[in-house]
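Each chain carries a letter (A, B, C and D) given by its place in the written order, and its residues are counted from 1.
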Amino acid sequence: MNIHEYQAKAILSEYGINIPQSKMVTNAEDAKSAAQELGGKAVVKAQVHAGGRGKAGGVKIGHTPTEVATIAESLIGTNLVTHQTGTDGAPINCVLVEEATSIKQEMYFSIVIDGATKSAIAIASLSGGMDIEEVAATEPEKILRVSIDPGVGFSPFQGRSLGYQLGLSDANIKAFSKIAANCYKVFIDNDCSLIEINPLAITGDDTLTALDAKIEIEEDSLFRHQSLENLRDTSQEDSQEKKSREIGLSYVKLEGNVGCMVNGAGLAMATMDIVKTAGAQPANFLDVGGGASQEKIAAAFTLLLEDSQVKKILVNIFGGILRCDIAAKGIVDACKNHKSDIPIVVRLLGTNADEGKSILQGSGLNIRLAETLIEAANLITTSN
Amino acid sequence: MSILVDTNSRIVVQGITGKEGSFHAQRCIDFGTNVVAGVTPGKGSTLFMDSVPIFDTLEQAVEKTQPNVSIIFVPAPFAPDAILEAAENEIPLIICITEGLPVQDTIRVVRYIERKPVRLLGPNCPGIISPGDKCKVGIMPASIHKAGKVGVVSRSGTLTYETVQQLSELGIGQSTCVGIGGDPVSGTTFADILEMFQNDPETDAVVLIGEIGGTKEQLAADYIKNNFKKPIASLIVGQTAPKGKRMGHAGAVVTGPAALASEKIAALRDAGAFIINTPSEIGATVEKMLNT
Amino acid sequence: MNIHEYQAKAILSEYGINIPQSKMVTNAEDAKSAAQELGGKAVVKAQVHAGGRGKAGGVKIGHTPTEVATIAESLIGTNLVTHQTGTDGAPINCVLVEEATSIKQEMYFSIVIDGATKSAIAIASLSGGMDIEEVAATEPEKILRVSIDPGVGFSPFQGRSLGYQLGLSDANIKAFSKIAANCYKVFIDNDCSLIEINPLAITGDDTLTALDAKIEIEEDSLFRHQSLENLRDTSQEDSQEKKSREIGLSYVKLEGNVGCMVNGAGLAMATMDIVKTAGAQPANFLDVGGGASQEKIAAAFTLLLEDSQVKKILVNIFGGILRCDIAAKGIVDACKNHKSDIPIVVRLLGTNADEGKSILQGSGLNIRLAETLIEAANLITTSN
Amino acid sequence: MSILVDTNSRIVVQGITGKEGSFHAQRCIDFGTNVVAGVTPGKGSTLFMDSVPIFDTLEQAVEKTQPNVSIIFVPAPFAPDAILEAAENEIPLIICITEGLPVQDTIRVVRYIERKPVRLLGPNCPGIISPGDKCKVGIMPASIHKAGKVGVVSRSGTLTYETVQQLSELGIGQSTCVGIGGDPVSGTTFADILEMFQNDPETDAVVLIGEIGGTKEQLAADYIKNNFKKPIASLIVGQTAPKGKRMGHAGAVVTGPAALASEKIAALRDAGAFIINTPSEIGATVEKMLNT
């Protein structure tokens, strides 16, 4: 689960990490008075769940309260399109009005989960404020990493190791170590999957400040973080993504027109790959998960039927926990409740596959059955 | 003709009275697996299907039935505790089917068991099956399997079934099929399983099914290059997934160049693996590999 | 550092552990109104840093508010002598007025540090409310233990393991597990060296309640627990023990008349052993520690000189970090500022021993020097 | 003729510029110890006593000077971090002199390093000396030692010196003298050291100095009974300490029967150790033992 910059900064601040003075506002008038409180000049930052805000015009400096108000007015209520959003962009419902900070140096700092070391790792670089993925790809030696042991946490020596390698001053190394240790506390206490401070700035007065902050909370942990669940901004989600999350599906919207419904993430990706290989474009990734019920299958299938972008549907179910007859019944239910004549190709294998196929064949619906992956892909590609 | 589980495996099912636990325990027994005990706190001193004793704690189950493999079906919030319970009782092989464990719980658990004489498979994995030994400790549909000499290892559940289906259809049997799990942090790596296949005289070749995200396939490629002497074929799925989108498995996040399918394929090809170009060609590619 | 029962219970309660309703009061009037709030009948418990309160008359039931007031009146301002206090007892400055609880079963629960497993261990027994050391000695099989891994904490399965072994009901096992896990959180968050709930009672309505509670905070950790330091009740300390703590000495008051000053705990115990072997009785254990300064030595020696129970003093210093000349100078300083003619025997060995001896010999003080341990012990035993 | 440290030991001093660190680093060098580096953050690129290079981090010290023993003098609040730094840099022997570490920090650190190829001596210990190899990595007064064939192991600092004093006075030299530390939780146990003495051809006999509190001496007795073949003499101090009183060492708390001197003495006697009856008879008892 993504949260907004202003929410992330509030959490970091609670843990003793310096952030610039700022105020989240939802209208131009409040933006103006926020700017006045900050001394007139201020940065206006669109609060959206997407990276690349700066390049997309979502971050602007106002030199007077009036200018700040004008910028806020121009942003709030619009959609911001960045390289991480779809073409519709993400709605700007509020902006952060923040003091303008003088910057000596911009660094990058993050904590993420690393499967290779089976731990959280801290990542630091002097190349802050830039596209860190670009740096990682072209100058990997500029990215420093340390693995954090869950039993002892982030240790001061790790902060010193990073700090001296980054060439920071002794005073800045102490501050950096503290920020890193506190970030790790935030990471653990809130079951984060990502904390990213980019840039972590050394300001004109030589203090370290989190100029921007991104926090992702792990969805699977939310059962024990009710207060974090409250930070969810569903307006930032695509309406289908929101629905799929409520149903309990793993769903990602894509640009094509072949709706895909599959059980298992690996098989779902394989299905998308084969659809593309056959010359068509998937409209989505949709994994109905392990033990989906008939109702869940019906809801998932309805999601595809209701998507105007979806022109045909490919179902690929390999029964294991999920029984194929259950899947077939769910599909039939959805079709009966939602008149539609788009082409549907279904492949059923594994547990109760024959029963499932009988149900589909006996349903009177216009569904074509496929035996193999490639057959399914070819059928859906050639159907109109 | 198997790794990890065989005819000597004695299975305890943690969470045997739950919906999934009871369903799959029965399927495992039907296949021939020796399920010796179940554990559900509060259900001690009862029987599962009139035959398998249920205990309140694993400790009691161990004392009375000496299991050497545990399979875990308890819900995600309680699964880390179940793994710890199995590790503390030194069950040599712990298979966690449960998905949706908070990854920080997994990290704590995985680091803890490093000091114990146990191996964890999963979490979020389909389990393991050795068809020739009639031992299935997992949720895979047994019917698609065929005893033979090809080992299968994968991060994915249903994609493993797809693989097995394609192999069996061409008459290619499997020694053992292992799902290491789809989460970013797992107890067992590709390299761990490859080492076992390397040492298993009854495994002649291996199929490795990877996917985008993380660097697990690169670590596998390193192992293959330096240590693995048997023919190995490999498929990486997610080749067409757009960058920056999350595809279901928590592991399948495109976070950097290393996480890309192209990078993984290059590493595996460089290590000497036969590359399976599309998911529909798994069986055909393995057949070709076995004939060269 | 010990804290009072009422302070310990407040901490446990913060962590979600059931405690009886109660109020700490410092006078009879407040005790009366506290009893009234509790419905009339109440238990009055002397708040002292010593075990064995019950047997010593420090815990009494009052059946009416007036009776409660009378009991409080009789306790507050007196000293309670238990088997764990000296003959002077510990001053009762306040009492806890607590609701009377109906009890189905009394259990024992504690968390302590265990050197053998290098971990904190949880200890539980159905033999609660009794002398647990007696149980441990005579029926060790009634004491259950589990080791807690610092990386994963107290796990629910450990609670179930203990609970089923104790023969508790399923509902009580859940409550017990929670209490154990929460106690471990208290233990970690507050750097405890001991948490003991004895009895942990199953009450009439089948809930688990901490009827008594003892918490010890590790002295060495207090640098990071300022708020816990504020819980220190120095009135419960012997005045010499208090002074020695302020000076930074490790000191325990004993019953004999030979004041001992030694560097190192092991050597200090060895010195006490040899003094007893020689037929005398040590007045104290006093370890001046590793790198004591001249001032610290002087303060330590002064502590002995000012103790009216001390009739002779034995010094045993094996110079290592501590230099013998520094020790000698400290002793001379103390003697000069505090006229006293009690016999003093000093043994100096190790770093700068000869310089130290010269300083003592040149000081004009009546100090006898010893070369070996047994010589020192014999000299002090025979001196008057 | 030694265990743990010898002429090949290359020592790094963590906290070399502090009051105690600099004092004892100099004493170690004076004795002949090969101190190759010091670490003090912020003092990098300077020299200790015009000869030993100081680094900001241990990582740098390791890269430039390849130490294989670390001795730690940094203050208690920072000592756990120093131990972790040494463990992370895989210094095979880490000696923590610092006393007053919060015990829960020690537990976290000790459990962490179980997974690293390192050994921790201490915390709250006097260190180690092998007189014949002219290697002292600790705070003991060097002058009292004499090279020889008796190993000494103890929980206490100054009581170890007392022991050595009594031995040397009778002409009994020492192979290695080791202080395992006085805290309730330590990195190294009596049994660990006894095993090394057992395997050291140049150690003929051992003196073990224990004290009241905990069960470390019982664990040592177990080891002696089952595995230790050399003559061993043992003293337990605190025999006269009243029950329920705390005697300085955090370890010396009389908490149960096992913590009593009498119980420890009985266990050691039962294991075949020569019992030293009073602290003044250490030398004499060892002499007698060596002559039997």
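Here is the rule we use: contacts are C-beta pairs under 8 Å (C-beta built on N, C-alpha and C of every residue); 3 or more make two chains touch, one makes a residue touch a chain.
Fair warning: this is a prediction, and the values are worked out from it, not measured in the lab.
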item	value
Excluding subunit A, groups that stay connected where the other chains sit	one piece
C-D or A-D, whichever has more C-beta pairs in contact	C-D
Chain located farthest away, centre of subunit D as origin (C-alpha)	A
Centre-of-Cα separation between subunit D and subunit B, whole angstrom	46
Subunit C and subunit D: spacing of chain centres that average the CA atoms, whole Å	28
Subunit B and subunit C, separation of their C-alpha mean positions in angstrom	53
Residues of subunit A touching at least two other chains	149-151
Subunit B residues counted as touching two or more neighbouring chains	108, 111
Category of the chain touch graph - line, ring, star, complete, other	complete
Residue ranges of subunit B touching subunit C (in the complex, touch as defined)	41-42, 44, 56-60, 78, 81-82, 84-85, 88, 108-109, 111-112
Contact set on subunit B toward subunit A in their complex	19-20, 23-24, 76-77, 99-104, 107-108, 110-111, 126, 139-141, 143-144, 154-162, 165, 182, 184-186, 209, 211-212, 214-216, 219, 235, 237-242, 244-252, 255-257, 278-280
Contact footprint of subunit C on subunit A as seen in their complex	150-151
Of subunit D, residues touching subunit B in the complex	114-115
Residues of subunit A that touch subunit B when the two form their complex	84, 112-116, 118-120, 133, 136-137, 149-151, 188, 191, 193, 218, 220-221, 223-224, 250, 252, 254-255, 262-277, 282, 285, 287, 289-291, 318-321, 349-351, 372-374, 377
